[in-house]
Every structure is written in structure tokens, then in C-alpha cells.
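Chain IDs A, B, C, D and E follow the sequence of writing; residue 1 opens each chain.
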Amino acid sequence: MDWLTPADLAAIWLTLKLAAVTTVLLLVVGTPLAWWLARSRLRCKPLIEALLALPLVLPPTVLGFYLLLLLGANGPLVSLFGEGAQLAFSFPGLVIGSAIYSLPFVVQPLQNAFTAIGQRPLEVAATLRASPWDSFWSVVMPMARPGVIAAAVLGFAHTLGEFGVVLMIGGNIPGKTQVLSIAIYDRVEALEYAQAHWLAAGLLLFSLLVLTLVYAVNRRSPLSVGVVK
Amino acid sequence: QAIDVAVASNFMAAAKALQADFEQRGVHRINLVAGSTGKHYAQIINGAPFDIFLAADRRRPQLLEQQGRAVQGSRFSYAIGQLVLWSAAENSVDDKGRVLDVGEFKRLAIANPKLAPYGRAAQQVLENKAALQGEYSSRLLRGENINQAFQFVHSGNAELGFVALSQLKTLAKNANGEIPGSHWVVPNDLYDPIEQQAVQLSDDPAASAFLRYLKSPAGQSVIAKFGYLLPVAGDT
Amino acid sequence: MTLDIKLAVRKGQFALDAEFVAPSHGVSALFGPSGCGKTTLLRAVAGLEPQAEGHCQIAGSHWQKPGFCLHTHKRLLGYVFQEPSLLPHLTVQGNLEFGLRRTSVDKQRVRFDESVELLGVEPLLTRSVADLSGGERQRVAIARALLTSPQLLLMDEPLTALDGASKREILPYLERLPGELNIPILYVSHSTDEVARLADHLLLMDSGRIIASGATSELLARIDLPLARSADAEVVIDAHVESQDIEYQLSQLAFAGGQLNVAGLLGGRQRVRLRIQARDVSIALQTPQRTSVLNCLRAQVLALQPLGESQVVVKLAVGDTPLLSHITRKSADDLELKIGMEVYAQVKSVAVLNPICHPEATQWP
Amino acid sequence: MTLDIKLAVRKGQFALDAEFVAPSHGVSALFGPSGCGKTTLLRAVAGLEPQAEGHCQIAGSHWQKPGFCLHTHKRLLGYVFQEPSLLPHLTVQGNLEFGLRRTSVDKQRVRFDESVELLGVEPLLTRSVADLSGGERQRVAIARALLTSPQLLLMDEPLTALDGASKREILPYLERLPGELNIPILYVSHSTDEVARLADHLLLMDSGRIIASGATSELLARIDLPLARSADAEVVIDAHVESQDIEYQLSQLAFAGGQLNVAGLLGGRQRVRLRIQARDVSIALQTPQRTSVLNCLRAQVLALQPLGESQVVVKLAVGDTPLLSHITRKSADDLELKIGMEVYAQVKSVAVLNPICHPEATQWP
Amino acid sequence: MDWLTPADLAAIWLTLKLAAVTTVLLLVVGTPLAWWLARSRLRCKPLIEALLALPLVLPPTVLGFYLLLLLGANGPLVSLFGEGAQLAFSFPGLVIGSAIYSLPFVVQPLQNAFTAIGQRPLEVAATLRASPWDSFWSVVMPMARPGVIAAAVLGFAHTLGEFGVVLMIGGNIPGKTQVLSIAIYDRVEALEYAQAHWLAAGLLLFSLLVLTLVYAVNRRSPLSVGVVK
């Protein structure tokens, strides 16, 4: 296939890596955040929840533009911490950008899942000697599994597909910051429709496979005999 | 009733000036629709209600004409873009472009060569500096279009960038009344001309009127003010 | 070594303000009307009511005192909630092992197999908890709490959803527990039967307060408390086995003040607890002849109190042991009962509450 | 007009295969060990087990027959679930009104105020259901089911979380219901006390099947069934008030075969139901003298059966009325009891189960 | 403010209209879909769930491109139903595009919320004479409220911010199909940064206000005495 150029392959690899790393990062950051939101009784909670949804409201390219100003060579980070802190045009920069943009899609399902669990299972776990940390892993997370799956899927898929932010703070450097979505987009813009179709079809098929698998596994009986510890 | 003019993003600033001038002269009103030329092309093919298409290249108008989507014989070049190597920093770019040969920069912004004529032109310039070719590719920031390439340089994220002269013209002048930073207007023989063509899509009289205005000396002088070269008359 | 508890907590309109001292072994029953705060008290003792103030000292170790509050998971307790709260993402076995795995091996004093078998949850081990019947859920919850080998067991009406036979199997096991583990149990129950059988100590609650606290035998016999006046009024008596009649399978029991015959052979000199319900005690002025009533005790009338329009509560003393009798006012008048009078207490039915022998307990229901 | 039910459903390993006919008025009690399928049966009757096959005909109207199955919301039933299942997004009042509003006004036969007051949920109306105590929840669930004025009431252990006093308040109300509304109640209970008091008809279940079905008085006295052999064995007797002794506040009751005295004044010629527990009946060969036992009936020994090692179940006939007695084997031998022998049955305690007068019921607990 | 041109005002109005209509449409379409997904035991359910997440995977512009092919002048709809069926470059077209792109964000939270309710409340409602339809409104929806709110917020915010799809099938015609996000984007592209900043700040502030309000109202005691009917 003459259209799967080395640059395309690099883009595919980078995309998968970006989506995976972003999803993991989002789960790592989003989980405690969602947990805190689910349990907090602070009066300013609605404000924080609203703030978290804000990245959605800006067009990705515009958001990317502001992130570029923030993370770029003249940004406050660089002036504070020096050259090394310039995250734009690097993989970490891409991850941060994607993560900020997809954060709400991860936090919301998690928060709702955590809220739905209620107090009782945690109380039960505490009477069975499980520390809060322990309960979180052995009770909260397993019980919130549908929410965790939804969060991961939305975060992953959204990172696969979105490129406005990535383009802006990544600079579309082939092999370094060019992701698959931009590659497909370029094909469409360049009127190379056949190649765009192939790439898009490939991406869709792959995603369909992965997502179907995830959902199918998720569906399996949620019971486990053993208990993490 | 205003007519809709699809305008290549890089030409928007000039288009706005043209619009103001045109509307002031006559009864017709126009609506500018900014966008990338590839997108506009796809939309026109699929029924977008545009009356005029001011493209960033000659290929897309040509295609439309071939496919019968354009008014036959309405196609013409309205401007020729000039490529500039620009840095936001003073004394960074010399007036011979030797900075490219030395290669002492971390990032160079260009527009995507596949999509944007300015990008392709920049690519050609770089290919002429064949010695540095391999090294460059990982230092190239590629904006989706020439505007993004400009943003990379403007925000200081790229030391250098190939941008359009028309963009530098819109910048606020520095204290000396000159273009801020340093730049090198790339000689025309280093790249294929960036010929921007227009084509009429509907037979709305206002569309014909605007295209006539575009070809008129009045229109041409506005275009020239924005840093474009003017096409040789009759060249299509 | 005692449970020394004083806890106050407000929940909306309701205020709990409970203070009591209970022995640090055996069962202390919490008894009171619906909504009086029993569950809230248990939760506060478990550290599940973060607003609770006061102190809570269990067998010498402070769980809570002003300025200090141990987190629930550090309190070595077992809790059987009022609504069996199994963890829905685990199987029955997962639930049972949840606490067990978090109890260090050297502290495990309840055998998995034994408690699982006794509570009849063995066939359920691989099942999802969502499919269990009400009684099955309750039994799993009890087993789960026991398997953490707690220092204090909190049980909130743990046997309500169980049929008579299951109860009669599980009760003896629970009875033995405090002795074997040497731990106290705080036990909420609405059933006087359970209370009499299990409780060494009784805590009467009303409107968020402990209105009386004391040895079960004492509180049951106090006719100023509502217990003696209820339809289920009863006394419990501690006795030991004196001799046996092997032919008729009877045991003679001795208690402070007399002797009683009960059906069944009890081990020699074994200590047993007996329950005698007020409605099973009748009063006669002379020894009755030729009746199936086995037990007839000399007693003295200690107190008389009308009960409604037509009945009388009589408190009797058999030696040092109090006995209650609910009789009709007519009988009381016929017999001309007076305080201090010597009478015969005919005891129709004596329930032996100890685990080893339950003459009343048959297989089903 | 009957409840004619034959329903089969499999749930994992468990198979329900229940078939019975019960009267279409009064209470039919469902009695059986934990996990025998009581809840499953009730759910199938309510149409909540979509897999259930068979037929279900309630007082002439078909709810289910092969090829036809009415959706639950079209079955005019009230269901009190085993775990009180209040709708968590509504207040107590919202829960009560949920069904009420969906019952057309002309079909509303249970008064809101009355049932709310009787179940003691009035002070709870504005409360969130999450804050309620276990007993409070159960009472709200009962009131909610009643307020739909159903044609059939399904109650799954509705009184378990309630204290004695609440039970004694609610039971008479439930007793009156089937009469007033003229509807049948299918009532699951583990308490023989509740069964005896409420049930006209008894359904014994085991392992998913109905093993016996019949009038309560009949089934209770059948010594081939487990009931008569349990510690709570008892009989119920229908009687009417014959005369009264105003001075001593006693009533004489007549039943098929004799007379009994009970405490309290009952209305003239009123029909009452009595419960006599087997352990409250002793046997004598001659009329006893000077005892507080009020009732002594001539009876004939109908059957004798050993119960464990040391006890005997004796079935007596007082006229046409059967009576059970649990006595020790020693007594049986002493008295040389034989089938057909004439004896005296001494009845220590008679419980009047009717709503109007509860001599045993005192205020608390 | 000379930068709030009439075209900007038109864009703001169009954006709000689009976001509102799309959100309503998504809730109307997503709710039965989510309900079906939550209750269905079909073996192919994971596949359908995966299919629903697919719109996320494609870059919005590319998705927009395919929608353009579908809804445009040469699309199958037009060939089937004639000129009138050309939805591209019209408001209905925008709505369809936005809806397809945001569908997963609406369906997922709803589905999880519905699943979490379980069977029991519905059984209870049925024994209290509520038909399935009735129960859905009087039990399921109130109990799923956090999920519904999350769905609406994500759908609304995402429609406000996303423009790739809208740009492609709408055509960015000022006053007709130009939405605010594109207007901001155009400002950034045209180097009119000050105006872009103002518009973006306005959008953010407005969204913050609306979202905070929504979350604050959502937080109020979820209890109601009365019951819908």
C-alpha cells in the first residue's frame, strides 16, 4: 500500500502511544478528582465542576492556541523554570494538551459512578478492617467499573480523534508530533480522498475491534471470588 | 442580498479590505467565508451555496471548472503570494537567508507543504538547501495552513518561519515604521509562483460585479498593498 | 474491664445521648421500640457516625475520647448491619474472605469451615449475593462478621429474616461465641426470646437514651420496668445440673432457692440458664396432686401489681430467685394473695437456654 | 371464588413448582424454612418473574394462564417486599402517594389518614427515606402497599423489623383488613405467633413446593406435620363469648367441645379466635384443686408421639376440638396415658387473638 | 465594542440555538437508546456500544467530511429524495452533525445511570400501578438525574466548543452557519488576537455561569414530595 508511508506508520504509533498515555494519565488524575468531587460537601463544588467542563467549551484549536501560549517558548512556565520547561512540540506537551481537553469526559462518568455507590459499601468495608485506601481499590473501583470503562473509552476515543489541540501545541512534526488524525485530515484537505478513506476505515475498524472487546469483557459477570490485597 | 465568497484563510485580511472598498462603491454586499481551500473545494462539490471562490492555489479552481461546478471562463489569477522567511527577533534573519545554511535554530515553522501553496513553496526553498534537508525535517513545525505557521513564529515558539508577506503587512509596525523582527523576502526563482486563482460559482450579477472589481485597478491596488504581486494581465 | 460508652450525636430531629457501662464479655442486649436509636448507637460505637461525641472504651482500649477518634477499620469489631449489606461485586465467598484476609493469621480465632457450616452458607459459596434469599443473606452477613475474629461484635437484629429452625441452630453458636472468643457482643433484638437466651446484660433504650442497664435476670424481674408488664414477661435463672433420671430422660437442676426438673439429660454439674415465662407460672396454695406439671416450688409473694383491667403481675421469690407470674385478678382474689404470703409456684414450662441441650428444639420449623 | 395458583420457575439451581388453592378472602400464611422459595412464589404471583409458567387466577380474574400474562402494573395487588424497598428519590409522603395517585378515586378504600396514623408514619411524612430506621421503613412500605387498595395483598415478612409493641398495634389492623376490604392476603412469616393470629389458611412450603395446604386450625393440629412437633406448637380454636364476669373482668367462651375462661371483658356473643400453645397444656387425671389455673377441660387422648428423647406430643380432643400438649415422657408414663383415655387438660394460658381485646397486650415492649 | 460585529452576534445566537437544539435532540434520541442498552441482554450489545463510540475516533473535520458526502448535494439522501433533502449548509444539517459527534457523550452517562438503578425500583413502581412508561418518568429519570445532567452538560458544552464537524457541513457562512467557535477560530487565524481573547473570555464566562447554575441546582436535595403523573 503506497499510501502507508513511513510517516503514516510513525503517526499511527504515536497516536496509539498518545491515546494510551493520555488515557492512563487521565484515569490517574481524574480518579482522585472525581472521588473528591463525589464525596465533597463544599459549597463551591458546583463552581469547580463547571470549571472542569470548561475545556470543552473552547474550540480545540483555540484551546490549543492558549495552551501554546502557556507551554510555549515565551510562556510563563519557561520564564519560571527555564528552557527545560518548554513542553510545546514535545510528547509530554501533546499528552498535557490532550489530557486537558478530554478531562471532563473522564471525570464525569467517574464522579457519577462514585456517587452512585453511596456510603454503605464503604462502611461495610471499614467494619471488615479495610482502610480507606484499601476500600477504594477493593470496593469502590470494582463497583464503579462501568463508570471507569466509560471514562477510559471516552478519553481514549476522544484522544484518538481530536487533533485541534495536538496540532497547535504539537506542530505536526512527522515522526514526532504528527498523529494519525492529522494525517487523515491532511489527506482530505489534499484531495487524496482514496487514501483518506483507507486510513479512516482502518482507524474505525481498529477502534471498533478494541471497543467491542472492552465492552464485551466489561459485560462478563462482575463477580470475583478473590479480593485484591 | 449578500453573495457568499469563499476565501482562502491567508487572503482574509486583504479580502476584508476589498470588501469594504467594494461595498462602498456599489450596491452589492458580500459575505466573506474564511476557510482552507481544500475544505472549500469539498464543500463546493457537495453543494455549498458559495457564489465566488477565492482559492489559495490554481489547482482547485481548475478542478471545479473541469467538473462544471464553476462558471466557464470565469477563472483567473487574482494575486501571487510572496514567501518570506521571518523571525520575531531582530537580526536573526539576514537578507540572504544564510541563516538556513548555518542551521542554528531549533524550530522552523512552515505551512503544511501538502495542503498550503506557501508550504509547498517553503519546501522548495528548503530543498534548494539540499545539504540540510535530512536534518530539517525533525525541526519543522508544520501549521495546518500559513496562518498557523505564522502563529508559531509570532508566539516565539519557532525562531524562524516561512510566512506570507501579506501577513507581515498586517502586523503593527515597530518603532522605525518597519516590519518587526527580521525577515528575508525569498527570491521568486527559488520556488514556483504561489498563484491564487478565483472562480465564479453562480451567475449572480453581484458575483460578476465583484470579480470585475477584483480585476480592476482599484481592486488590484488593494491587493498589492497587502504584499501580493499582481498577476501578469491575461494570465490564466 | 468493661465497655464504657458515652456517645451523643444529633441526626436531624433525633438526638442520641447514650451512656452506659456493660461487661466486657458476654452478650449485652439493646432493647427498645422502633426508632429509639439502637442502630444509631451501634453505628456510633463502630465509628460510623463521624459527628458522634463522647467516649468509647472497649475492654481497656480507647476507641474514642475527646480529641481522639479511631477510624472504623482500626477498631477490631464485627458488625452485622440491620439490612444485610453484602458487597455486591463479590460472591458469597468473596464476602466471607474480605474481612478474613484482612485479619492477621495469628488473630484468626474463628474457623472458616466451622462458621460456614454452622450458618449453612456452604452451598452458597460460589453464588452471587444478588440471588440470595433474605435469610441466606443474613446468614452470610453473620458469618462474614464472625470471620474477622473481632474484639467486639455489634449485631443489629441479625436473626429477623430467619426461620425458627435456623434460629435454633444459630443461637447456640452465638451463645458460645462470647465465651470462646472472650469478647462482648452488643446485640439489638426485638425478641424477648433471643434476649433471654443470649443476654447477660440488658440495656433498655427509649428516645435516644439508655433508661435502664443491668443484669438480664435483674431487669427482667423488675416490675417497675415495662418488660415485666409485657405479654412476654419472663425471668431467667442460672442453675446447675444436680442429678439425672436416665429412664425418663430428666435432669434435676438446682438454683439459688430450689430445684427444677427439666426434660432431657444434661451433663453433670453443668451450668445452665433457664427461662421461665410469667404466663407459665401459676400459683397454688397447696401442693397439687396428680398433674403433669413437674415443677412445684415453694415461694413467697414479693409484690403484686395490676396489669390492665383483669390481670395481675405477681413477683415471687423462690429462695433468692425472683419469679414472675401473670395471673387473672380473679385468681388473685380467690387465692387471697398478699405480699409476704407463702404459696406454691407451679411451673408448667421451663426452657433451658443453654447450647448443649434444647429439649424444646425440634427440627422444624 | 378462590386463589387458584400453579406456578413454576427455575432460578439457577433452584426450582419453584408451587400449586395450591386458597380462599379468596382472609389471610393465607406461607410458612417454610429460609430459601424454600417463599419470596420467589410471591414474586411470581405478582408477575415479577417473567420466566414463570403456569396459571394464576385471583378471585375469578385470570392474571396468568398459558399464553397470557398480565403485566404487574395491571394486577391490582399490593406488595410489601422482604427488604423494604422505598423509592429513594421520594420522601415518605411521596412514596405513600405514589401508588395512591395511581389508584382511581372510586377504587380507593383505604383512608390515607387512618393507615398513616395506625402505622405511626405520620411524623415521618416529610422525611427522606434514607434517614429512616429499619422499623420505620417497614411501616412506610406497609402503608404504601395498603394505600393502593389492592385486590390481593402480598406481604413478605412485613413485621420482622418491628418491636413487640408496634407489632401488637399493626397486627390487629392487618387482621381487620381482609374483612373490611374483602381481599385475600398472602403472608410470609417465620413467626408462629403471627401465623396463628392472622392466618385462616396455611401453606407449608419446602424446597420450592407446597407440601401442605389447609385451614390453619387443621394443619396446626396435624401431628404428622413438622408444626406440631416444633417448640412453638399450638392450636387455634374459634369460639364465641358466652358470658362475662364483670367483677373479675373475665369472659367465658364457648367452643365446639367446651368452655374456657379468659381474662378481659369481651363483647357479648362476639366470635373470637383463641390460641393455645402445646407447652401451656398440661394433663391431669383428676380435677385439680386450688390452683391459679383457670381452665380445666375434659378431654380424650387421640394420639401420642415421642418428641426427641424425653418428650411426648399428645393430641387431645375436647369435644370436636383438637388440642396439643407437649409433656415429658416421665409424666406420660406416670399418668399411664393411652389412646382413648379420658383426662383433664389444664390450660395455663389462652391467648385471644382477636383485634378487639388483647388481654396479654400491654403497652411496651 | 467594535469587535462584536453583527456577524458575531448572529454567531452567538446561532451557537446557542445549535447547542440547545442539539442537546435536546441528543437527550430525546439518546435516552431511549441508553435505556435500551442498559436493559438489553443481546449478545451483540458490545458491538453496538462500540459503534456508538466510533464518531469520537474520527477527527471531527474528517467526520464532517463524510457527513458532507452523506448530506451534501451528491449524497444518497439527495439522490433518493431530491434537492430538498440536501441538509448540508443548513441549520438541520448542523444539528445532525453536532448530534452525531456528541452522541457518545450523552449516551454513556445515561446508560451508566440507568444501569445503576437496577431492577428493584421498577418492580416496586409496577406493584404500585405504574406502567413501564409511567415508571420511566416517575422513577427512572428522577433517579438517573445526575447522569442526565452529566449527559446534557457534556453534550451542550461539546457542541458549543466543537467546530470541525460544523465547519465542514455548515460552511462557516456568517449569519447563516457560522457559529461562535468558528468565529473565534477565525479571529485567531486572522491574528486578531485581542478580539479572539474577548470572545473566548465571554464564552468561557457565560459557560461557567450556566454550568455552575446547572450543577448548583442539581445539588439541591433530590427529594420531591409530589409525583409526576
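FYI, contacts are C-beta pairs under 8 Å (C-beta built on N, C-alpha and C of every residue); 3 or more make two chains touch, one makes a residue touch a chain.
On a predicted model such as this, the values are computed, not experimentally measured, just so you know.
Listed here as common contacts of subunit A and subunit D: C, E. Most remote from subunit D, judged by the distance between CA-atom centroids, is B. For the criterion of most C-beta pairs in contact, the winning chain pair is C-D.
With every chain reduced to the mean of its CA atoms, the largest distance from subunit E is reached by C. With each centre defined as the average position of its C-alpha atoms, the distance from subunit B to subunit E rounds to 36 Å.
With centres taken as mean Cα positions, subunit E sits 20 Å from subunit A.
Subunit B and subunit D have Cα centroids separated by 92 Å. For subunit E, the set of residues touching two or more other chains reads 61, 65, 188.
Residue positions of subunit B with contacts to 2 or more other chains are 39, 42, 148, 151.
Annotation for subunit D: no residues touch two or more other chains. Here the touching chains pair up as A-B, A-C, A-E, B-E, C-D, D-E.
For subunit B in complex with subunit A, the touching residues are 36, 38-39, 41-42, 60, 63, 107, 109, 112, 114-115, 137-144, 148, 151-152, 155-158. On the side of subunit B, the complex with subunit E involves touching residues 4, 9, 12-13, 31-35, 39, 42-43, 45-50, 145, 147-148, 150-151, 154, 167, 170-171. Against subunit D, in their complex, subunit E makes its touches with residues 120-121, 123-132, 134-135, 138-139, 142-143, 145, 221-227, 229. Subunit A makes touch with subunit B in their complex at residues 65, 68-69, 72-74, 88-89, 167-168, 171-176, 178, 182, 185-186, 188-191. On the side of subunit D, the complex with subunit E involves touching residues 46-48, 71-73, 76-79, 81, 85-91, 93-94, 97-99, 101-103, 126, 128, 144-145, 148.
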